[in-house]
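Below you'll find a set of structures to go through.
Two complexes are shown next, each including chain A; its partner changes from chain B in the first to chain C in the second.
And then the complex of A and B:
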C-alpha cells in the first residue's frame, strides 16, 4: 500500500501514459478506465430498474384496461414518434463513433461526432416539444387535466373547461360532414343517425317554468332558439341577449370492449345517442332552477311523424357551466371506435405517457448538457487514447436512453 | 471475441478498450433504422389479433435493444462482468413485472359502469362558455 503510494508520488500521479487526467490513486490509465466503466455499468443497471417501475405501471394498466390503450394511442402521431426514433438512433451511432474517434486520437472526428450527437438530441427535444405543446393546447394531458377538445377521429368533444383554443362559439354541427363548423345553426333539424341519408328529426326546444306545485306551466312555455351567439374571439364576452340557445349533440355510447366486433354488435356497445344541449348566458343562470327544458322532436314530413318528446329537469342535467341536456333517442350504430368519446379513465394513458416520455425527455436533456461538456473538453484536446473514459461513459448513458426509447416507441405509438 | 481486445492493441498499443470498426457501427445503425421502419409498417398490418401485433413489435424492439447493447455499447467485446451487471438488472426488472402481474386474475371483475347505461362524454358541438 505505502510502496505503491510512494511510486505514484514519484510520478506526480500521472501514470506512464502522459494524460494529466489519469488520477494518482489509480495504478494506471487502464485501472482508471476500468473503474469508471464498472461504475457507469452499475449506474446503467440502476437506470434500467428506475424505468422498470414505469414499465410496470404501463403493463399493469394495459393488462387491466386494454381498451384505453387501443383508443388513446390514436391521439399520438406515429410519424413524430418514428422520426424521433430515427433521430435518436442516429445520435446513438454518432455517440458510438465519437468513442471510436477518441480511442484513435481523431480530434476533429471526435468534435464532429459529439456535435452531431448534441444536434440530434436537440432535434429530439424539439420534436418532443412540438408533440407536447399540441397536447397541451388540445388538453390531452395527464390526470384531471385530461379534457380533450376532439376525439382522435376529429369529432369535437364537450370539455369540462371548454377552453379549446379557437373553438369557442362553435355552434353548428354538420352531421353530413361529421364535424362542427363555425357560425349559427340555421335550421331546427337533427340528423339522428349520421349514417342514414337525410334529416331524421325536426326539433323545437322550450323552456317551461315550474309552478308552485312543481308541475310545468304550459302557459309559460318559451321557445329557445337554436341561433346561438356568433363566434367571438377567445376571452371576449358573449352577447348575453342571445341566450339561451340549444344545439343538437350526437353522442355515441362507450362500450367496454370496443376492439371486439362480436361484443360491439350485442348489447350496449356503441349506441349513438342524440341529445339537446341548452346553453345559458351567465346572467340567465340564477333564476333558472325552477324550469325544465322540453324538447319536441318529430321526424320530418314525408315519413309519418313520430313524437320523441322527452322532458328532463334542467337542474338535474346541468353539466359544467350552464349546460343542460335532454336525451332524445337512441340508435344502434356501428364501428364507432374513433367517433365515440374516450372510455372512462383514458386520462391514465396520458398520465403514463407523460410520466414515461417525460422522464425519458429529462434524460435526453441531461445528455445534451453532458455532451456539451464533452464538446468543450474535446475542443481543448483533453481526450487521448489513454484518457477517453468520459466519452465512453457518456456514450453508454446515451445508448441506454436510446434503448428506453426503442421500447417506448412501439409501446406508446404503435398500439393496434 | 477472444481476439477482439488484441485488435485494439495491434492498432495502437494503448488499447484501453475495444475499438469498434466503422463497418460494424454503420451496419448496426442501418439495421436499427431499418427495423424502425419495419416496426412502423408491421403496426399497420393486422396479423390476426392485437396480441400478435404486440408480440411482433416487442420482438423487433428486443432485437433492436440487443443490437444497441452488443455493438453500440460494446458489450460483445467487453468484460463479462459488465454483462452480468446489465443482465441482472434486466432480470430484476422482469421479476418486478412478473410478481406484479402474478395476481392479475385473482380478483372479481370490477363493474365500472352499468352495461345498459354506459357512462359517456357528450360529443357534439362545443358548449358555449356560460
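And then the complex of A and C:
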C-alpha cells in the first residue's frame, strides 16, 4: 500500500526531474534555483539586521563619545586592516568567478576558484589572529579586560594588572628610606622629611644628554613627558583604582601626616613614596651611554595662611643613568606622539571593535566550512550548468560577509 | 475531473493519508512533511501551553491574599518569569505560524510542501533545543528577570541567565528560518492563476508575519548574544560601570519585541478573517484592505518600539514621536475590525466552536486595542506604566486575541489534518468558558491597575484583594476550559468521529484536499474557485459541504445567483456590460431609497425589469453622481474590446494549473 510512498525523507533527496539534486516538490530545476535564490536573499537581509544592532551601538557611542573613537582607533593597525580588505575583495572575486565556472561547466576552474576563496578566507583569519593576539599581549581588550600598557603613541600607562613585561621601567622612590626600591637608580639627592606634616613634593623629569666626556650637559636638559608618576598615598604605592593613570611629569607627592601616632606605627609602610615610570624599549638597554634621566623634585610653597616658615626646597633625583633613547625621541615629530591618557571608558571602543570584528570573523569561519563543503562537491563533479545553486548561494553569502568588512574597515580603522 | 472528486467529498481516496504513509517514531522525527512537522510543533506548543498556564495559576493562587500564601517572593519571581518566557517564546510566537501555518498554509496555496522542507525540520529542532534550554533553567535555580531580561539586573542576578538567553537565541533562529521558508513558499509556490489577491487572508497574514520574523528576530538574536557575552566575558556594552548603556538593551529588545507582538497577533487576525467569512457565509468585506492592513501593521511595527520605554529615560522628543507613531497602529487595526464586522452584517452566521472563538476575539481584541491607546498617551502612561493595567492590556491582545484565535483556528482546521471531528458541544462550552473566564481574569486588572497596583509584585495592599480574587477565580475558569479543550482534542484524535472533506463549507483550497491530506496534499491538482464565494457550496447533511456545479463552470448559473442576490455580476463570464450596468443602477437606487426612505427597499431582491425606469429615477436623485448608465455607443465600444470568454477578475484561468501539473 505504501510502496509508492516510501519514506518521504528519501524522496526529498532524489527527485525525478533530470538532475539528481532537484527535490520532488519543485516543478523543475529552475523553480528550485529561483526558490533557493530568493531564500538566500532573504537570509542576507536577516544577516544585515543581525549586524545592525552592532552598527547602531557603534553610531550611538560615536555620537556620545567621539573622543573615545578618535583616540582609540590609533591603536588599530591600518596596514593589517588594509591587507585584510584586499584579501577579502580578492576572495569575493574568486567566489564570483566560481559561480561563472559552474555555469560554464568548467570543473577545474570551479575547483581552483573555490580553493582560492578558502585560501583567502584562511589568510584573512590568520591576519586577524595576528592582530588579536597583539592586542591580547598589549591588554588592549574589551570591557573589564581593557588594561593597555601603552598609549597609541607608545607612551607608557600604568596598568591595573601591571602585567606588561619588558615594557615599562618602574622606579619607586621611598622618600623616607632615601633609596629606590625598584628600577635602576644610581644616586639621589632628594631629602624630604617624612615626619613633617603635610609635606608635598613635586617632581619634574628631564632627559639630560651626556657629553663626550661622559658628563651630563645641563644645557641639553629636556623635559620628558612620557612619565607616569602617580600621586602617592599613605603607604600605598600607587593609586591603583585610579585608572588609567597618565599624568604629566609635574606631580605633587603628598606626604602623610606622620604626627598621627596610628600612621607612625605603620613604620616604613606609612612612609610616602613617589613612583616614576619611564618607558624604555627592551633594545634601549644597548644604547644607554647617550643621556641620563633626571628627576627634580621640590617641596612647593604651602598656602601662606597655613605655614609661612616653610622654604621651597629643590631636590634632584637622578634616575637610571643612560636610558639613552626613549620613545619620545624615536617618534619625534610623529602625530601619535604624546598621546595623552585614554579618555574615560575607552574600553567601549574595543567592546564594539571586538564584537563587530568577532562576529564578522565567525561568519568568515562559517564561510570557510561552507566552501570546503562546496569544494568536496565540486571535486565529485556534482555541479553542472543545470545545477549550481549552492555555489551561487554561498558566493552571495560570501559577498555579504565581504561587504560587512568593507563597512567595518573604515568605520573602525580609518575614520578619525 | 477534479471537480468530480470535489462533488464526492467522502469518496474513496486512492493514496494513503499523510498520517499513515509511513509508520514508526523515526518516520515522524525525521519527517520532511510540513504537516507532520506542524503536528509535532502543535504537540510541543500545547504541552507548553499547559505548563505555562500552570505557572500562571501558581502566580494567581499566590495572589489570592496579601502576604505569603504558599510560595516565597523569590519563587514567585521565578514563576512569573517562566510563565512569561514559556508563553511568549514557546506558545504564542510559534503557535499560529509555525504549527498551524506549517500544516495549513502550503495546502491553502495548493503546494505539495514548503519551499525548504529540511530547513523546516531544522527550525523545529531549534525550537525543541530552545525549549529544552528554557526548561533547563529550572534545575539551575530558575530565572527571575521577567521575560524581558532587562539589564542591568540580568547582568547581576545569580540565576541562569546564560542558559535562558541561549534558549532564546535558538528559538529566535527557529522563528527566522520558519519565516524565511514561508516567504519563499508564498512567493514561489502559488499555483498558476493564483495572484496575490487570490491568496487566502490567512496566507497574507502569515506573509506579513514572516516579514517581521525575518527582519526583527535577528536583532533579538544579536541582543541576547551580546547579553550572553556580557555575562561571561564582561564586555561592558550594557554595563554602566564600564561606560555601557543598559537602556540600549531595552531599545534593542523592544526593536524585536514590539514586532514580536505583531508576530503574535497578525496570524491571529488572518485566521479570524477566514473564520468570520466562512461562518458568516459571506465574502470577506474589503479583501484588499484587510490584506494591506496586515502588511502595513507589519511595517508600522518596526517604528513604535519606543512606546515601551516612555519612562526609561528616553528624550522627550523621542517620547512624543513614538507616542504619535503608536496611534497610527490604530488605523490598520480598526480597518480590520470594521471589515470583520461588516462581513458579519446580514451574514448567515453559524455559531460553531471556531466561530464562537472568532466572535470572542472581536470583542477582546477591541478592548485590548483600545486600552493600548490609553497607554500610548504619554501622560497617562506615566501613571499606568508597570501597573496591572499594562498586564491586562497585553493579555487582552496576546492571550485574549492571539490565543483565542489560535484555539479557534485549531478547532477550525483540526478535522482537516487529523481526519477526526472534535466534540462540538464540548468545544462550544469550552469556548464560552474561555471567553468569560478570560474577562473575569483581566477586567478587574484594568481597575486595580488604574488604581495603582504595580505589576510583578508578590505582596499588595489589602484594598486590591477583591480584584485579585476575582482575577484568580477567572484564571481557574480559563485554565480549566483550555485544559478540557486541549484534552478533548487529544482524545478526539483517537476516538473522534470521522471528518468529511469540507465540514465547514470553506472556500479555500485546503477544503479540496482529502481529509486528512495525502503526502503531497492533493490526490489531484486543485481547482481554483473564487475565494470567499460561498454561492455554490451547499450543506448536504450536517457538517458536510459539497460544491455544486462551480459557478466558474456555469456562467448562466452564476448570473442566476447574482440576480437572486441583486449583486453585480462581475464575477461571472455571462454578464454583459449592459447587464452589469443595470445591476449597478439597481444597487445605486437601493442606496438612494434607503437614504431618502423613498419606497420600501427590495433588500437586494431580483431586479424587476418593469421597475428599471423607476430605478433610474431614484438613482438620479443622488444628483450629479455622474453617469449611472453608459450610453449605448460606449457599451458597444467597450464590449468590442472585452471579448466574451476573456477572464474577469477574481479567478484567473482555473484549468491551467491542472494541465501544468499533469504534464509531470
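We adopt the following convention: the second predicted complex is superposed on the first by the 226 of 416 C-alpha atoms of A that agree within 3 Å, B and C clash if a C-alpha of one lies under 4 Å from a C-alpha of the other, contacts with A are read in each partner's own complex, and residues count from 1 in each chain.
Simple rule for what comes next: contacts are C-beta pairs under 8 Å (C-beta built on N, C-alpha and C of every residue); 3 or more make two chains touch, one makes a residue touch a chain.
The shown structure was predicted, so the numbers you read here are calculated from the model rather than taken from an experiment.
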Go through the superposed model and pick first if A:60 touches only chain B, second if only chain C, both, or neither. both
Using the touch criterion from the header, give the chain among chain B and chain C with more contacted residues in chain A. B
Between chain B and chain C, whom does A:42 touch in the aligned arrangement: first, second, both, or neither? both
Based on the superposed arrangement, let me know which partner A:24 touches: chain B (first), chain C (second), both, or neither? second
Quick one: classify A:363 as touching chain B (first), chain C (second), both or neither. neither
Is A:52 in contact with chain B, with chain C, with both, or with neither (first, second, both, neither)? both
Let me test your reading of the model: by the given contact rule, A:344 touches which partner, first (chain B), second (chain C), both or neither? both
With both complexes overlaid on chain A, does A:407 touch chain B (first), chain C (second), both or neither? first
For A:135, select first, second, both or neither according to whether it touches chain B, chain C, the two together, or no partner. neither
Taking the superposition on A as described, I'd like to know which of chain B and chain C A:85 touches: first, second, both or neither. first
Chain B and chain C contact sites that coincide on chain A, given as residue numbers: 17, 34, 38, 42, 45-46, 49, 52-53, 56, 60, 344-345
Residues of chain A touching chain B in their complex? 17, 29-30, 33-34, 37-38, 41-42, 44-46, 48-49, 52-53, 55-56, 59-60, 63-64, 66, 70, 78, 82, 85-86, 89-90, 92-93, 95-97, 99-100, 103-105, 151, 155-159, 162, 164, 167-173, 180, 185, 228-229, 238, 243, 245, 247-256, 259, 267-268, 273, 275, 277, 279-282, 285, 319-323, 325, 339-342, 344-345, 385-386, 388-389, 392, 395-396, 399-400, 402-403, 406-407, 409-411, 414-416
Across the complex, what residues on chain A touch chain C? 1-2, 5-9, 12, 17, 23-25, 27, 31, 34-35, 38-39, 42-43, 45-47, 49-54, 56-57, 60-61, 65, 142-145, 344-345, 347-348, 351-352, 354-355, 359
Quick check on the complex: what are the chain B residues that touch chain A? 8, 11-12, 14-17, 19-20, 22, 25-26, 28-29, 32-33, 36-37, 39-40, 43, 46, 50, 53-54, 57-58, 60-61, 64-65, 68-69, 71-73, 78-79, 81-82, 85-86, 88-90, 92-93, 96-97, 100-101, 104, 112-113, 115-130
Of chain C, residues touching chain A in the complex: 15-16, 20-22, 27, 30-33, 111-113, 115-119, 176, 180-181, 183-184, 187-189, 214-219, 221-223, 225-226, 229-230, 233-237, 239, 242-245, 248, 251-252, 255, 519-520, 660, 664
